[in-house]
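Take a look at the structures below.
Both of the next two complexes hold chain A, though its partner changes from chain B to chain C.
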Partner chain A sequence: MSMNEFDDTTLRDRIAANPRPALLWLVGAFVLIALELGRIADGVLRLGGAIGLMVDMVVTIPSSVRGAVASSFGAGAGIAAFVITAFILLGIVAIVVKWLFIPWSLVDRLGIDVSTGREDILERLLVTGLLVIVAAALVWTPVGGLFEMLISVLTRGVEAVGSLTTITSREVIPNQGYQLPDGSWEGTFLGLSPAWAWALRVLVVYAYALTWLAWLWKGYEIFREHYREADWTPRDDSINRLRTHYWGVFGFVVVFMFVVMALWAPAVSPVTAEANLYSPYGNEIQYYGDDGVQSITHGDANMNSRSQGGDENVGLMSYDDYDRFHPFGTNTDGKDLFTFLAYGAQVSLVIGLLATVLMAVVATVLALITAYYKGVADLLAIIASDSVIALPRLLLVLLLSVLFMQANHPIAEIYDGGLLLALIFAGTGWPLLWRSVRGPALQVSEQEWIDAAKSYGQSPAATMRKHMSPYIAGYMLIYASLSLGGVIIGVAALSYLGFGVQAPTPEWGRAVFEGKSYVSTSSWHVATLPGLLVVFLVTGFNALGDGIRDAIDPQSDSGDGSAAAATGGGG
Partner chain B sequence: MSRWRYFFRRLLLSIPVVLFGLTITFVIVRMGPIDPVAAIIGPEGGAANRARIEQRLGLNEPLWRQYIDFIVGMLTLNLGQSWVIQPSTSVGELLTTYAPRTLWLGFWSVLIAIFVGVPLGFYAGLNPNTGGDYLASFGGIVWRAMPNFWLAIIFLAVLRQSEKFFFGIDWNTIGVTVPGLIGQPPLNFIAVTDWVSLGALSIPIGFYFSPITLAASIKQILPPAVVLGSAAMGNEMRIGRTAVLETINSNYVETAKAKGLRSRAIVWKHVFRNALVPLVPIITNEAFILIGGSVIVEVIFGINGIGYLFYQASIQGDLPLVGSLMFVFIILIVSVNIIQDFLYTILDPRVGYE
Partner chain C sequence: MSQNALETGTAEADVDTGSRQDSDVMVEVRNLRTYYEGDGLLGGTPVKAVDGVSFDIKRGETLGLVGESGCGKSTLGRTLIQLESATGGEIRFDGTDITTLSGADLKDWRRNAQMVFQDPDSSLNDRMTIGEIVREPLDVHSWKTPRERRQHVKELLDTVGLQREHYYRYPHQFSGGQRQRIGIARTLTLEPEFIVLDEPVSALDVSVQAEVINLLEDLQEEFGLTYLFIAHDLSVVRHICDRVAVMYLGNIMEIGPTEELFSNPANPYTHSLLSAIPEPDPTAHKDRITLQGTPPSPRFPPSGCPFSTRCPARIRPPEYQDLDNELWHQLDTLREVLRERDRTEKSVTDRIRELLGKEPHFGTIDEIYAELFDDQVVPPAVEEVLDDAAELARGGNEQAALDLLGAEFGSVCEGHAPDGADEANDADAEEPVEPDYHVVSPSGRRSLCHRHDSDADYRKPEHVLDDRHR
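Our next item is the complex of A and B:
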């Protein structure tokens, strides 16, 4: 623990000076990772696949722009448009690359002497130039082939790791079996009934996730005690306030449960997604029938487990005729509802997070720029955001998704329309977020330290990043968590109308649609449970947002117009 | 900047907002992934047919020309016609048929939300941290989190079996009898029977009014209106509570108490009036929610309103109609914004000084 206020040691130095607590924590973290290595590798693989797909799409943008321009203005203009688009895209990548991977200044290294404002631009141009060389090398020289080979080897390696068994995998605690006439269970974990085996697996999943949470908290405490320079920061108070804010804690618990359900959807669902959703006729189960142990495909078994009201119903916490356990009952077509909802949670979370992160990034950058420059920039942003707000959001989202889906646009195929929805929600939602943080950003920009930084000759980008963004990050967190709920409701509403996420990818709104005619029958669960989950989840996000707001800014009044605007407007 | 200068600046700003909103609409409708003509004539339309419609819509002209034609056409209220849903019907005619139902729905949903949400919020704010406050606050939050489409389905299911849930009271026959839960409200409860002409002006003198039809109409619209206003109701309650709490703790209320004013007078004269100010944007913001949410509610409750019209136009590819409807929505929302600024300018002298 350092008492010197002007201590300049880096975190790395401080850890090197006293490595024991950090090492202990790391060992624990590695044990935790090792327990779930297979699943983590699986996740990495899917993430990598998604990124690869996105890179592929971005790469096609310059040529499609060339095609569009060339058709109306001639081939020469097309090539010019191609070069310009490619350069702009690489320029955007360059900003990210510079920010993430190049901590030192290239301009300084090369010994070029320019004024501060120019330095930033020159720096970016240099990085863009490097990227142009790399891109050219990838496209036109054998380096590209080599790179692809490297990626495929890596992928195969991760795939091998991904097939490892983990403590939460289905093979370790199987819950699918059949009951012999004497009442004992065959094929399930330790001969438990499928219900208990499933409950045990869910318990293990949540216990594992809780352990991680506790360990991360422990890591933060270790950092605070041994490695942080300051004994106290304002953030400590914020965290303490959040911990005693019961409404916020409730929100956190709900959101945590939801996120774990989404991340471990393959583990908490009683049936695999493959057998339940994608190819029910390609997967068999064993059951004990009239002629002893028989096998039947999931699809055939589903015909007898449909929930369509009256006698044809498999309700909550019950078994069907083939000894399959359904915690939330079955769907109208006999598929397990819990599996549907768990994977649906994944879809909602991915779309919601993607849309919210995109919105938040756009809104933050815009808020910083408008607050720093004010005047014309602010006016233009006001006009743009007011115009987008003037188009009713749900109608705009509906129109766009209908248009893209009926045109069979390639972007509508990714994730069965999920990516498209995220982009649409982000494109229509940023004005609300920007409006919410514009006030705080303007306030910060009036502070003396911004003036000081300006007169000191700091570049605008650096001032915004270092001296303004930390102050609006908290507000962004509040409004982002509020708008996440709005996006989830909106996606569900669109899916209900048939224009959101398409089958077979599960989405909560579609479950409501399928079950809507059976609400007043014995199969009430099909439409009611997904709706209750949405209510629960959105309440959770709102509570978490309230908690964070009270934690960050205890003086603030609880609730204002912009917060309401961020959540409202959904279906 | 003075209050009125601020207001006129906002008024001036709405011109570029409308133009830019129209531009976005143009980009989506004309330059989007779907070709409007192909959507109108379907896959088997002949080339001659195609050329004719292109001619009529002006799609054979260069894009910038189309853009100017579109903007000018909209701004001069030349809204065009429907091509797929009701071919050759002008948009104005469609609006006069469909809009009253949506207005009726919107009117009741705003009214119900205000008359339930605001009093509940004020009650909670006047009795903070009591059981009633907690119940109202928590109820409001959960009520707001309910998705409209789901709430609508649950409403339908519960009301269909109202005998089971409400001690034998049948929703369909209690009070006035309505044909069913789904369907549009009858709006013919008021009509003009006689006109008298005074030169160029016609003045209605004879009225027809049927209280029973009015009652049936209100009863028919109640469930969808409550669903549509649910989010707004929750918001109003929340903001109302905060506003009352804030005003109660302010200095002038303290002064009024010290002066010995009766608490009833304090509440009515000093608390309520000031607490209403922050509710203005919430209530006007409802316009956005109503226009957006009307699609879902109208589709589920089978009301042939504007939201339903827009939904049909989008899914059937009636893009000219979609563009015109979008323009109507833009104008509506921008005017609501102007009204909001106007109310603010009158109610809150602090606006514009920040």
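Our next item is the complex of A and C:
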């Protein structure tokens, strides 16, 4: 019987029984977090800001619907539309809230006896009702003011943490300075040249990121060794296969470098985004000129550092007249190209990830539903997806983005059109993803364990989640990583045409566009480097996708080009 | 004498009232039908997988269900545990008609009836541990506390001959036999009374089959389970089952105690099925009854007796009583060929060839006739009918040719009312005569065949088979 006692433990029990490895790992993780606490708080703040913006937008939807309906059908209809829209939105929120925060069943707690099918609906209605009360309380009672105060206090707290210096911050390793006539540098880290100071900072950033990666791997190994009950799981084999898949590892490395570049864009760029991109005339630098140390705004300095071919060029790894170091040279306006590209990576990552995640969610849900119910549901989805696929995608994307931008729709203003692009790419891209996973989903739905689940009364939603989605998830990961490349190419292509992300938000495609007339001159780097980066990145994502596929499904043929070809639709 | 389907139904109901008085009947199936809708958007002709089946399952017994692949035995099993919904008829489980259950009632009832699936590779979700798989039914029905659930599962693993430590293993790590044991453990978690075993050992090695069969028998004894054992391996059925039902084309042809049915079959189909069991003794004399043609499509079952198109003991019309066996065989083959031709969709090129006056791809009627009847002595009366049929078939009207041959050589088996009745009453002739179940032994064994009809003067199937096939 002692065997049973040992057997029957939760993860928490197992950690309590042998806390040393877990504690050691946690201490390491805390040290790592502490080193970059300021930047993390900064990130949280920005994420919170974005969520706040989204919430603000969603909140205005019922009112705008009321306005639109009231103007054509009268005030009564307007109020009805307001209530209906608000209720639908809260219903959607209720599903998420229920899923995330309410693990038990309200219906059971209240002891209401209904049939299984209606139980879920009733549950959702109850949660929606609670949300209606909460929303009403926020809008019409002092609770709303209290809530706002709480948020602002929280924000200020996080801001205070965000101002802490971190090991990768510009203040710790400054690379901006001026050279005195004797050749020594003033204002840079340890008197190094700006080039070396910048290189050191980039090195620290990547070393930090790599340490995190290694530490996470270590954590997984500790979990495997000390706390996991199964001594083997199918995922172990997949991970081992991915580790020895060199093409996949190459893809992982490229994607990792790109993601780090995007996340630490403020640290790896030689100049701040503020000074370089958004208000070059509002920020000054000091340089050692004819009259000793002088000040000049970035904007004025940029006039002399433009790369427009011929003599007017600041190339790779060079300094301009004001002792500013440009690893990738400058662009046609004289701005630092590397800063532009680092922040552009952020834009590409946000748009690409947002579009791909939206696409993947829609495609997965649809695949599960159509494979489980088949018949009419499948047919409707086929008609809908075929209708979308039948339209030329790039033209449709172009048309929609121009339409929304010309109409000055509020969505088009967020992230200078970035959110709009993500939504458009998601809206036109889900049919391809759905088609890719429909086959596997149908295959899984024919397995006997689905019948078995039905035979003991498992609900359709739980069957789809537990018994079908794990089998689609692998495929989804592959096709999503492939289509991410497609979205990035697509956004770059749109920006190249002038319809994508608008200035001043940096975007790789626009850099190519700006530099295209100088490719044959000494300023070739302006268009070529971002172009190469796009190629590298998309290749990286495809390689990673290939690797994951071979890791998850060793039987599949790695020489299959159809999946890669499918992403061509993105660009 | 002619009975239509409605009367057949009432006749059955009469038989049933007798058995209903048996107190230990657990499942009563009455005139159960399960049809699969056609593929087209607007339905089309449904596939009649189970087409009017009635039987009882007594508490604690093992009822075997045998038949060739595609005869509807798996569909019947799946309908019994409501994996498919019945098109018509009743399934009374301890008096409740479960075909009418839905929602929470159905979910509640599902605890009583579980199923062991055929393929142990496909019936266990590879991404879950054994513990999670076996525990899931308990989670679904919120059985006690999670801790007790885990305990219960570990005890069950013990019960089916696995170890408690296997709780955290994955299905990959087990052999086929062990996986089937896991599947059995899962069906036992909810402590059901009735288990459908859908070919539980046919995917396993022969050596492992015996172990699993023994396990199933032990469990039946320990928990007082009632089994519906679906199989096509007749020797396994003979070993484990108390009673056996023989299915053909969605109908039960014969149902009765195992030993009796195996040693002294009544229905012609049971005869042919049993004759397919290989005899281990090479010196033993054994006549195998080879059935003609292929089973008909369950979408378009034959009228009359479902087995009529292939029956080796089919009743022959009295006016042709003295025809040679050999000639009868050729006539049956001709009808089979015509049916096949009628069923085959003609391609566009075939249609064009037909329009141009050329014969379609698959041999001409004359070729078929030459092959079938050239070395036969064909009496003039038969010759005449054959010529008329050939004329119709040549014109591309296979159905008319079949109707003609059926009217001439068909009998009560194919739904034609016995002599005189069809001319006297045309409306009645439209409704094909269907065979009845006849009690063929004191134990209450029932068989679906006209030849058991004591009112009519037919010979017993076994005698006819002896004459015709030995």
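Everything that follows uses one rule, which is that the second predicted complex is superposed on the first by the 554 of 571 C-alpha atoms of A that agree within 3 Å, B and C clash if a C-alpha of one lies under 4 Å from a C-alpha of the other, contacts with A are read in each partner's own complex, and residues count from 1 in each chain.
Just so we're on the same page, a contact is a pair of C-beta atoms (placed from the backbone, for glycine too) under 8 Å apart; a residue touches a chain by one contact, two chains touch by 3 or more.
All values reported here derive from a predicted model rather than from experimental measurement.
Asks: Output check: A:Leu399 vs chain B and chain C. Expected answer is one of first, second, both, neither. What do you get?
Replies: first
Asks: After superposition on the shared chain, which partner residues are touched by A:Ile389: those of chain B (first), chain C (second), both, or neither?
Replies: After superposing on A, A:Ile389 lies in contact with chain B but is clear of chain C.
Asks: Determine, under the contact definition given at the top, whether A:Pro266 touches first (chain B), second (chain C), both, or neither.
Replies: In the superposed model, A:Pro266 contacts neither chain B nor chain C.
Asks: Have a look and say if chain B or chain C is in touch with more residues of chain A.
Replies: On the superposition, B touches more of the residues of chain A.
Asks: In the superposed arrangement, does A:Val535 touch chain B (first), chain C (second), both or neither?
Replies: first
Asks: Touch check for A:His467: first (chain B), second (chain C), both, or neither?
Replies: The second partner, chain C, only.
Asks: So which positions on chain A get touched by both chain B and chain C?
Replies: Comparing the two interfaces on chain A, one with chain B and one with chain C, the shared residues are 379.
Asks: So in the complex, which bits of chain C are touching chain A?
Replies: Per the stated touch rule, the residues are 41, 78, 81, 83, 102-107, 110-111, 114-115, 117-119, 122-129, 136-137, 140-141, 147, 150-151, 154, 164-165, 167-170, 172-173, 183, 186, 190.
Asks: Any idea which chain B residues touch chain A in the complex?
Replies: For this pair, the touching residues of chain B are 13-14, 16-18, 20-21, 23-25, 28, 32-34, 39, 63, 141-142, 144-151, 153-154, 156-158, 160-161, 231-232, 235, 238-239, 242, 246, 278, 281-282, 285, 288-289, 291-293, 295-296, 299, 307, 310-311, 314-315, 317, 322, 326, 329-330, 333-334, 337.
Asks: Where on chain A does chain C make contact in their complex?
Replies: 3-4, 7-8, 113-119, 229-234, 379, 447-449, 451-459, 462, 466-467, 470-471
Asks: Can you list the chain A residues touching chain B in their complex?
Replies: 72, 379, 382-384, 386-396, 398-400, 402-404, 406-407, 409, 485, 489, 492-493, 496-497, 499, 509, 512, 516, 519-520, 524, 527-528, 530-531, 534-535, 538-539, 542-543, 557-561, 564-565, 567-571
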